[in-house]
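Order of writing sets the labels: A, B, C, D, E and F. Residues in every chain begin at 1.
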């Protein structure tokens, strides 16, 4: 299996997607003025969410509504609620972060990174490993619960006063709505709908992902450059250890529900990844005392690159070995 | 041309708080405001730039012209939102046309 | 025919395009923060105008210059000039709008909505009904004249002082220039030109349209939410009745000119649709006393969704029945 | 550092009127201005936001630094354009470097 | 509400100079600044607009709130960068909340 | 050969790409409000740089590393360093520009315009003339050196004080980094990588180029309208003569290195084209006394349209004749 992982990792590292991320990272660290306009970055992310949601829905329409869908969403919710507690405990042991900062970071690790998910699906596709279409719905379900756990952890210290309207804002967050909405549209219009727009959402997908990851690299690199020194060694260690713990939990849950090889791998990826869009915005509103540099740098500068380069190949190889999948 | 004394309040605040701030302003009796985009900046919490940001991140500048006697109410309201967050507030004396609007 | 319409309507309502519009509408009404950046929305509309214009021109190049082109443009002009008078009269009867507001709204209904036109062409394509390529030129011709009628209606009340430079601005409006310009380019470069760029303007077209309509839904929903109460029942009634009247006029004109089934349907759609880009901008300059909430909410919040969901299927079915087209 | 008294005029106006306003300013002898984008706002004619707008909609903020003695001419010119439209005008005292420019 | 006297300095400068300007400001002891995008403008070097520009062209507006006693240092620093370039600087009296930040 | 050129020029002038440029130019000159948002324009240019770089790299991977690569980059550097001196001498003779202005303009003509390069590659493809993939790397190498020559020419007059950090900024300019970075990614991932993203960077390429040139036309037209009178006849003459001189130098160098027909044509195009992105930004920092209207109007308003319409066909025809290429 180690050989497998190494092979897969090498393969992965030399894919255009990862290389684009590396290019962005390097350009930002070298202080190049290369940058993707904010509006373009947002348009790319709308495209990715729409495409991945739609394809997930169309795949559910094609394969029929699996009884496992509900169970998968259920374990996704459990993971999202539960992982922040693990993360919080780890952070208190491994780092000197304050309760508030630790709670904020913990919320990020219970939630998910949709780009990591997308990158993983494209690795699976590259290796012709199929997965359950409804994993997209699981991803959407996992975005928000962790925020509640994080706020609860923080409020035990007495700070997190409840923000009116926050829950609504979190649940109606643009990425959740778009993901679930396009999933529903894909499920309703099915194969026919997919065929009508596949030359928009299927064929150019990998290329768009390249540009998106170029930008993610730029953003991550800029963050690392400007926030160097914000993270101690303990925090960086957490940023690598926590995804492995999350992935292990995801593996267990995936097996419990009886997902396919690809499904197990994706559940591991979801559990292992950390949010850098929905949760940071919620934290700024509800937990303004937490230092954004800490959670953004950890999530985007440490865990995201780790998952993208080494994490995904590891999770896929483990999922293959454990499920005996091809 | 006939002008009238007023105050110009400029609040730079995190984008996720924008709606809360403007709601508070309206509650405080403010009759209008204008929101400008912000590209980047620097302060006690470090430097940042909007380039490539995804999500409702970054900051915005909210500008509010009001009658001087309403200033205190506005500042209370604004401060309630800005207090715990990243941002700055500045107030300038100004003149406006069409005073009946403010 | 009623069955036909119902079938077509159901088909239409369950297409990805309409569902995307509905998703946007629902998200905005629910106050989700989902939003498409202004620059991206504008880029999408440039793409749509360019693609639709180019394809129209290329189709004219392929089928030869029909003697009916001039006649069609002519009746388009007549409709655009004339419909505002009908709309104005109706508004004065059905609503309590002031002369100025009624004139401004009337101008919108004489002009056209290019997205409605685009959605109709994609419904026609989906049912393999061909149409005259030059209908794009008719659409461009119909954008502006209604503005003049609207201003004339308003000025009878003594307000509309003539704005210097306005005519030039209206005629050189970006969407008219782009539509006619790309139509010309398509006509000049013909099949060969189309082939060179068809994987840009043909294959991904439906998908781009989906995202565009998602955004249209968001904008319409935001308008409806913020402007609720601006429109009385009479005004809403007008927003549904007027397109039907326009479509009837379009039907007559289309038959008069001898258009094909698809052409007649598109002429109906053009006459039935109301502008929400070119005319509002012109009204802000020339008729600032008119309340923009009224005409934007009517055009974008009532008539656009009506045409998109029910109108188009009705017009297509009627065109098929009347022309005996397949 | 040597500074000179001037006026800072800020005009928030509908985007379709931008060219008319700047033409009027130039005619009134203004030697320069700066146009800032506006994301959204609220006033007597309601709330609006630029997100997803298509077409030349929305508003812009035009900022103009001028010598105090030119203020009245500028305000007349600006008011001629703004009067019938949606928008606000505010005037602040300021200092500028390099007075010969204004 | 308790406010404190401060200065608001607004510098409109070419985008390629932005980093140099903010570096100079920071060196001059400025504790914060905000960068706003600029859509277009006009001055001695003619009219320009940002539409369709590619590359780091156009201008930005840098706004800086500071304690009055730091003004001179800031102006020296800013002038060193702006001097040879296209751009304008204006200074307004203002009040700020939370004086300890400036 | 004259006939060949005329044929090719006619062909070129009637291609969608050129017509889009002409449409933009005409719209801007007629003061239409048609415009492409800044963010969209920047996104398009990122796409073009990424696509052209990647394809160049993939082509190098496919054809093997030619010994001529280094030589080509070498002569590219020589051209970029050297041409500003020729341009400077010409400008002092033909125009009344000050030393500073002349030096700034000269720097533009030593550097390159990547869009002109892209347009030329698409003309070559249209005529099935192949070229060396690494010409992309040559293009990247030619961006910066001319800036140094320009600054040196200016400083002989005593003005150009050295700007700290400028060299780094020039070399890490976004377009250079993206071009070389995607070239490297293309070279590393090769045919396999290209296949994965070809429906993003290959098939829609021509169409995207159309929209990009529409915008270039708008920008050039706006510049010409606003800056009319900035350029004397002598300067306009220079804007047409200098590309021909550059192309001749490029021809010589291309033959010297032994490039293929397509390679020689591209070397001519690079030498003939003038920068309007990287160099203007550098000049604003390092040579602020130089008048930007002069160099932007010359490069974007005179030389760019000349190369696009007449220059490229001339260079291709000459390259074919001289190399005996098909």
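Going forward, a residue touches a chain if its C-beta (ideal position, glycine included) is under 8 Å from a C-beta of that chain, and two chains touch if they have at least 3 such contacts.
Just so we're clear, the structure is a prediction, and the values are computed from it rather than from any experiment.
Path length between chain D and chain E in the touching-chain graph (shortest route): 1. If you take chain B and chain D together, the chains in touch with both are E. Taking each chain's centre as the mean of its CA atoms, D is the chain most distant from chain A.
Distances between chain centres, each the mean of the C-alpha atoms, put C farthest from chain E. Per-chain CA centroids place chain A at a distance of 40 Å from chain C.
Averaged Cα coordinates give chain B a centre that lies 18 Å from the centre of chain E.
Per-chain Cα centroids separate chain A from chain D by 45 Å. Chain A and chain B have CA centres that are 34 Å apart. Residue positions of chain A touching 2 or more other chains: 33, 35-40, 42-43, 174, 199, 203-204.
Shared interface positions of chain B, i.e. residues touching 2 or more other chains, are given as 36-37, 56, 92-93. Interface note: chains touch in the pairs A-B, A-C, A-F, B-D, B-E, C-D, C-F, D-E, E-F.
Only residues 1, 3, 6, 8, 22, 26, 31-37, 60, 65, 92-98, 101 of chain E touch chain B when the two sit together in their complex. Remark: chain B residues 10, 12, 36-44, 59, 61, 72, 75-76, 79, 82, 88-93 touch chain E in the complex. The part of chain F that touches chain C in the complex is made up of residues 14-16, 19-20, 23, 26-27, 30-40, 43, 126, 199, 203-208, 210-211, 214. Within the complex formed with chain B, the residues of chain A that make contact are 35-38, 41-42, 45, 165, 174-175, 215, 218-219, 222, 226-227, 276-278, 280-282, 284-285, 288-289, 291-293. Across the interface of their complex, chain C is touched by residues 14, 16-17, 20, 45-58, 84-86 of chain D.
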